[in-house]
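Which chain is which? They are A, B, C and D, in the order written, and residues in each are numbered from 1.
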Amino acid sequence: MKILYFAWVRERTGRAEEDIDVPADVATVGELIGWLKSRGPEFEHAFTDAAVIRAAIDRIHVKHDARLAGAGEIAFFPPMTGG
Amino acid sequence: MKILYFAWVRERTGRAEEDIDVPADVATVGELIGWLKSRGPEFEHAFTDAAVIRAAIDRIHVKHDARLAGAGEIAFFPPMTGG
Amino acid sequence: MAVSIQREDFDAAAESAALRAGGGDIGAIVAFTGICRSDNGRLAALELDAYPEMAQAEIARIVEEARSRWPLEAVRVIHRYGRIAPGENIVLVLTASSHRQAAFEAAEFLMDYLKTRAPFWKKEHLADAAGNWVEARQIDEAAAERWAAGGKKSA
Amino acid sequence: MAVSIQREDFDAAAESAALRAGGGDIGAIVAFTGICRSDNGRLAALELDAYPEMAQAEIARIVEEARSRWPLEAVRVIHRYGRIAPGENIVLVLTASSHRQAAFEAAEFLMDYLKTRAPFWKKEHLADAAGNWVEARQIDEAAAERWAAGGKKSA
């Protein structure tokens, strides 16, 4: 599964993207965030305030209860500040 | 007193502007319209529906009850359709 | 000068560049361009009658009103008169502000007030008939009235 | 293509000319240009992080939403990313319609949705300090929410 990080989420995790094998029992975006946080202090830091983190599956905004099944690309980022 | 006519008011009166001496007892814009209508059928035609006619004194919109005292230039025209 | 009443066409890009070059901390520019429509080929041309001296003064008053309501860095209004063919420019309103809401609202306000208070009159020359003066539209009066008494738009 | 996500600057005048040349019975064009402010000299530059592939898709969805709500003749959106200096362009929204209200409302709608849904993030590089990510503003969320459920603006 391809995971992308943007803005301060990228800076805190120390990477822009990675391909990882996620355990089969990680079923939702929220569960993926929980699992990522277990990977090390940089992830714990990036996702400390998980409620503010936005997610997109295959380039479409999703909520944290969205299911990962079939997802190719998952992105995590702060609230948008473009325009 | 200088009087200007625009759009279909000009077409109906047959003139764009004129200088005329208005009788001293014509005190308001509405009274001026009434007096103008007495000048001939082209004015009667132009001001038949007096309520739709707009007026400006010295380039400022005024209502029909505005007083003429001190006015230099009075304009009559239909509702605006610019923009 | 913030307001021009003219027969000649205008260059919206040059006007916008001049506005930006004028300084200030501009974060948003709204440019409204009003264009003569052909109405699907029905219209041969518009003839815009004007009272140019009053238009200049009245639009300047409207611009002052906009400046008193919104924090604007710059405003520019150009309104043409005379014969205008389909596809040609009629009016340009430019508003510049630090933030977008002021620029959008002021541009809409200026257009609504121009429509109902600036002394211009459109006559349509049809492709196959005599000319007719355009009737003022109640919807334009309503659009202008939503700004009355210092109100924000709610239409 | 109605949507471009790019590092390069854009030419608003050329984009507007292309829109007009595209045909249709255009009576009104609204051009919104978002510009990097210096904040009175505080800011050295903005760094816009982007997720370009998603921005392209998400803005295309927002444009489709605007087209379903308003009778638009044409729409064009360009959003830059990368390092942008004060005074430089960030975003362009162009809307063309027969009448002004649709063009104004659609342009405001597009900007409100861009602000809250398009995947861009601004980092401020200050004239005399380290960079900071800009916080999302509640006022932008509120501006976007006024269009929810097919509603007309009432903010």
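Points to keep in mind about this one:
Rule of thumb we're sticking to: a contact is a pair of C-beta atoms (placed from the backbone, for glycine too) under 8 Å apart; a residue touches a chain by one contact, two chains touch by 3 or more.
Computed from a predicted structure; not experimentally measured.
With respect to chain D, maximal separation of chain centres occurs for B (centres as means of Cα atoms). Note on chain placement: the centre of chain A and the centre of chain D lie 26 Å apart, centres being C-alpha means. If you average the CA atoms of chain A and of chain C, the two centres end up 48 Å from each other.
Inter-chain spacing, taken between the CA centroids of chain A and chain B, is 72 Å. Of all residues in chain A, those that touch two or more other chains are 83. Those residues of chain C in touch with two or more other chains are numbered 34, 100, 111.
Pairs of chains in mutual contact: A-D, B-C, C-D.
Of all residues in chain D, those touching chain A in their complex are 34, 48-51, 53-55, 57-58, 79, 90-91, 111, 114-123, 133-137, 140. Every residue of chain B that touches chain C in the complex is listed here, in rising order: 4, 6-8, 10, 56, 59-61, 75, 77-83. Note for the complex: chain C touches chain D at residues 12-13, 16, 20, 25-40, 87, 98, 100-101, 103-104, 107-108, 111, 143, 152-155.
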